[in-house]
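Two complexes follow with subunit A in common, the first pairing it with subunit B and the second with subunit C.
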Partner chain A sequence: MSDLMQATRRSVLDGYHGGSAVARLTPAAPASRISLRAPAASLDALSGALGVTIPVKPKTSAAANGRHVLWIGPDEWLVIDENGADLVAEAAKSGVLHSAADVSHRNTAIIVSGRKVEEAINGSCSQDLSLAVFPVGACSRTLLGKAEVVLYRTAEDTFRVEVWRSFATFAFGLLDEAAKDAAL
Partner chain B sequence: MLLIYCPYCEEERNELEFRNGGDAHIARPTNIADITDEEFEEYFFIRQNPKGLIFERWRHVHGCGKFFNAARDTVSDRFYMSYKAGEPKPDPATFLNTGNDKGASK
Partner chain C sequence: MSGANRISGWGRLTPAKTARFTFDGKSYTALEGDTVASALLANGVHLLGRSFKYHRPRGILSAGPEEPNALLDVSRDSARRQPNVRATVQEVFDGMVTASQNRWPSLAFDIGSVNDLMSPFFAAGFYYKTFMWPKKAWEKVYEPFIRKAAGLGEAPKEEDPDHYSNRFAHCDVLVVGAGVAGLSAALAAAKSGAKVFLVDEQPEVGGALHYDTGVKINGKDGFSWAQDVASELRAMANVTVLTRTTAFGYYNHNMLALCERVTDHKAKPGKEEPRERLWQVRAKRVILATGQIERHMVFENNDRPGVMLASAGRTFLNHFGVAVGSKVGVYTAHDSAYEAAFDLKRAGVSVAAIVDSREKPGDAVLAQARSMGIEVMTGHAVLTVGGKLRVNSMTVGRHAGGATRKISVDALLVSAGWTPSVHLFSQSRGKLRWDAETQRFLPGTYAQDALSVGACNGTDDLQATIEEALAAGELMAKATGAETAAKIEISGQAPFAWTGGMIGAAEGAGPDTTVKAFIDFQHDVCAKDIRLAVREGMQSIEHIKRFTTNGMASDQGKLSNMHGLAIAAEMLGKDIPQVGLTTFRQPYTPVTFGTIINHSRGELFDPARKTAIHPWAEAKGAEFEDVGNWKRAWYFPKAGEDMHAAVARECKTVRDVAGVFDASTLGKIEVVGPDAAKFLNLLYTNAWDTLKPGKCRYGIMTREDGFIYDDGVVGRMAEDRFHVTTTTGGAPRVLQHMEDYLQTEFPDLKVWLTSTTEQWAVIAVQGPKAREIIAPLVEGIDISNEAFPHMSVAEGKICGVPTRLFRMSFTGELGFEINVPADYGRAVWEAVWARAEPMGACPYGTETMHVLRAEKGYIIVGQDTDGTVTPDDASLGWAVSKKKPDFVGIRGLKRPDLVASGRKQLVGLLTKDPTVVLEEGAQVVADPNEPKPMTMLGHVTSSYWSSNLNRSIAMALIADGKNRNGKTLYVPMADRTIAVEVVTDMVFFDKEGGRLNV
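== the complex of A and B ==
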């Protein structure tokens, strides 16, 4: 009997697909993430330890080898590693004052991609997503409907929407509706 | 929808991203253990609730998460300007009746 009781880990958006020809929705692959808080004096050492220069300009990000550091606030960053690295341990190697909280399983992400990607997101988010104001690499914490999300533009026609796990189906539904409307 | 300028994000954002944090520039008495109950009440509870210009704390809770201060008109809801926490209270003469009537809060 015991061999029938094996638990299989399933991501909240497993099997979800949606959107339209002008804005496709895909659940992102699992990744490791930390919420990083640090004073300005720690940034050089942390950049060295993480292998990415931590951005200090609002709404910007930096990336190297599948690792992304997103500016969230003047002393807060979201670090995403697509290869599943142990980011808490890597940040600890810096040896300087910082706080790194593992949020790998708190967040999940939806990749929104297509010609009318801005329209799909703007259906429930009021930020200006035009390329002039929100260029490739720009990122921002904001609201998508009632859910807090982090928007990250990875290409001209692609956004990564980082959303809390428990809000993921809500966010997916909102994006799906707007993506279908954009195709009409 | 109101647009509020966040001095940390350096751009205007939707009011939905913000929370009001009450009056700004309320200094906590340094001798808090010695003051009378009446003095504590005055510091802790009593606010002016002015009609017109008010200096308030705001928090960009669904954005950068930081507290900042803003000058707002309680009648028109217009934001005159906002500035980082810890910066001195600006002189109202610098932003009132400047002829700039676009509603920009920079």
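== the complex of A and C ==
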């Protein structure tokens, strides 16, 4: 039966595109993700198991080989693997105390890119996104209008906006309006 | 021609650039850059509207945002119509349509003006006194009458087709106001390297330099200097200059709200352009350079069209090139108005006389007036003016009586002096101080990181203003970490140093109670009304304000507050600061709702959460219901079916064959860690350490007080991993509740919580054929009844993708809940449906889910419970562990009132007539003949028609319900009384539960 049956994957943002010349919006490719929770004592082993040094400074991230570890809280990280690795299994190899919950499908992501990327996000997010305050690599769990998102600056002109799937079209709509406004 | 009163060679507008607009149906030509006010004045139109209460003819009083009088209806098309637009702010665009308000049948002949004659009956406080009795008349007579009469302008009825935007921003120094002070401060801050925002409400920077043409700065004409500085600032990368932008709100932590008017002045706005843009700016430091507002003189008939502020007369002349009259009088208590006379005279306009209430005006202006041949009458007052639709004379008399003289004029410029604009400072919760010498309130103690500079800070001298502003700009920039730049030299010269000013009623207001000498033009409040309020016993300015409505119109008393205060103080025999000042509130000027909500409209008003399976249900024609922010499939009507028929069919089909249900919205929390079971033991009433991996259990969660908070099935995936489900609506608060206890009460536990609601799409397959439907799709799990009995959970694959498969039921039937990663939800659902459909199964929605669970007596938290129901009240006492030493709610449940008899308890109700379906929420009584008020025993919580039982069923919370088994109670309705029988066993269908375990 399994030969005949292979469920196809459908992202909530399939077919979406938008924004403006100064802030383009693109749905991110599928990725695997875990919400990682762990005490400080486990971080060395977990860093080794995941192959990325887990950041402990607020609003910072670390990345290697398409894998990104975003500081979310004092004992909480969002780990994103662009290559779709089984992160729960990899974290388990650490053998130390932690919690890894698979949230690969809970989140989706919108890539916002362009020279007015800050203005596009600032249409509905109140954080200071200037490079001095929110440099490349910075990340933050915050609000985009009424939606909770994780902002992650991947380049001077690019942000990855992680959002729960049922809020994704709402977040996309807000970003789209602000991106068009930023182009005026 | 852009108007007969346009003086060639005067003003800053370009004669070649014209725009056409209409006012009350008549077409006029304006120049680009005109306000509606300047364009109408250029065309000799002074009568713009009728007043709010007395319907008195009204004209233009000011040339700025403080305008209380010249309020028009302005439209671009039928949907883009805005009432109460200040003609002095609204710029003309080609094709705009304007109309006067509050008049019928016409502006010049208005029936409502009978109110002016009836005014003795409409004294202040009239409404409070008159409409008190009889009480019944309020609803039918008084309120409709007042509602019809009240309010100015007519709200648009069509949906607003414009869009609005929002922008959050951060800066080091925010400068409000771009006059001399603001520009100087912004320049100093910007040159220090700070990130600067400079905002001004006018189309161009310059502030008072719009009219004050005598001022030279750095040797240049002041207005030109201002434009040059603005250009310099705009060219700097660290500066944002926003014009047509009003800083209307000053909130905590230096958060200021700005409204940028993007298209209201444009004939053809771009399609993508928002009408207005809200800026929410967080500034490290704020510099307020908001200037000052001129006050009018208070005397009889001072509201006649043609009477206007002296600074307005100068603005219309010097900026717009418009003479406000051909023979202009000046009535003042301040030197500044003299300059209006000088400017008019230079432009060739006849100046009738300057009437000065002071015996000793400033020497310099007096000398200049004399040298220009302008008659000055010192120690005189304008007692009244003649003319109705436009002023045609002023009657002048000397103080302390004597002969009066009537002088013909067609405009009268007035000035009682200047009020510093401390609105934003006051909004920031700064404390004002009274400066007795200059008789004005000035910024005193700051509550936030801000500084006031220039006129709003009481600094009158031009050079002193510049120095103060430069120092503030540098200081504030430095405070944010900016480096100090080279010193900026700005030198300004003003032709005259101004003196004078008065507050309160002038002589022409009279001492009596009949003279209409207006202080609040928009609310028709006169000096006599303030006096009446004091005589009626009001002592606090807060009471006087509310009794008279002084300062309560949309202009918030920018012109009237100080006059009202001074008159009250005089009547009370107190000093002004003792009487007090009312608090300034946001917004500084009216802000459209569009700007406030900006992006939050239509689909962006609120997130509409949809499951992965939603598009399938939509394509199948499902009706949806809102559950929190979720859209849930409610029922799936077939052609010709109403809701009742569809639900009856779905209910039958599930029990006869099977049904497929989208349960994705159920809240899910992954509880992971070695202490996971221990933690759940503390959060739920049940025991969890006894639950083996691979099994699941229904759990009840109570609050500290012992009442049911949430419920759901919890599966143990591994020793240290639980898959918790919550109600759809409860998901966020349950996670917060758990996190709260974990962090504050049980921080030593090694366990973590993660919301996984959206990770999983959940497909419930329920009914006798459920196993047959899913069996071929499942890999790696033996789903036979023996290997996988009711309340089991296992991980495996379905349709080639990972699943957490639950054997559970909310219908009382054999059931499975297939959890798959959400992106696969749609595909797996379709695969399940492909098998279910040929067997005769159906998709079902939440309504059928509700009926099926009620047939089994399963409760819905929030529908059958209301926050005052204990597990025992709901007959769920079995789910409360008797062995556990502790859990949240254990002490609450022992409270005497929670264990007392007679509590409201959840029971079943069966109507004596099985065809009658009770109304949810209906009250239940024991004696239907008891006189009202009857003794309510409780209410119906759930009620449905059960097609499987072929009768109605209901659940109800009834006082002492468990002891009323078999008793007859009654449900009184409007048209009949329904007899019901209490059944304490709420399981209406398959009491033995055999269908679950096949």
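By definition in this document, the second predicted complex is superposed on the first by the 176 of 184 C-alpha atoms of A that agree within 3 Å, B and C clash if a C-alpha of one lies under 4 Å from a C-alpha of the other, contacts with A are read in each partner's own complex, and residues count from 1 in each chain.
Operating definition for what follows: a residue touches a chain if its C-beta (ideal position, glycine included) is under 8 Å from a C-beta of that chain, and two chains touch if they have at least 3 such contacts.
Since this is a predicted model, take the numbers as computed values, not measurements.
Asks: Name the contact category of A:G145: first (subunit B only), second (subunit C only), both, or neither.
Replies: So A:G145 only meets subunit C here.
Asks: Please work out whether A:V103 is in contact with subunit B alone, subunit C alone, both, or neither, and reply first, second, both or neither.
Replies: second
Asks: For A:W164, decide between first (touching subunit B), second (touching subunit C), both and neither.
Replies: second
Asks: Looking at A:I72, would you say it contacts subunit B, subunit C, both, or neither? Reply first, second, both or neither.
Replies: First partner only.
Asks: Please work out whether A:S126 is in contact with subunit B alone, subunit C alone, both, or neither, and reply first, second, both or neither.
Replies: both
Asks: Per the contact definition in the header, classify A:H17: touching subunit B only (first), subunit C only (second), both, or neither.
Replies: A:H17 contacts neither subunit B nor subunit C.
Asks: Does subunit A have more residues touched by subunit B or by subunit C?
Replies: C
Asks: By the touch definition at the top of the document, which applies to A:K180: first (subunit B), second (subunit C), both, or neither?
Replies: Touch status of A:K180: second partner only.
Asks: Check subunit A for residues that touch subunit B in one structure and subunit C in the other, and list them.
Replies: Touching subunit B and subunit C on subunit A: residues 126-127.
Asks: Spell out the residues on subunit A that touch subunit C in their complex, using ranges where they run on.
Replies: 1-2, 5-12, 30, 35, 37, 39, 75, 97, 99-107, 119, 122-128, 130, 133, 145-147, 164-167, 169-170, 173-174, 177-178, 180-181, 183-184
Asks: Give every residue of subunit C touching subunit A within the complex, in rising order.
Replies: Residues of subunit C touching subunit A: 163, 165-170, 195, 262, 270, 272-274, 277, 280, 282, 599-600, 603-604, 606-612, 629-630, 670, 672-674, 750-752, 754-760, 776-777, 779, 797-801, 820-824, 826-828, 831.
Asks: For subunit B, which residues are in contact with subunit A within the complex?
Replies: 1, 8-11, 13-14, 16-17, 60, 62-66
Asks: Where on subunit A is subunit B touching in the complex?
Replies: Counting only subunit A, the residues touching subunit B are 58-59, 72-74, 76, 126-127, 140-143, 148.
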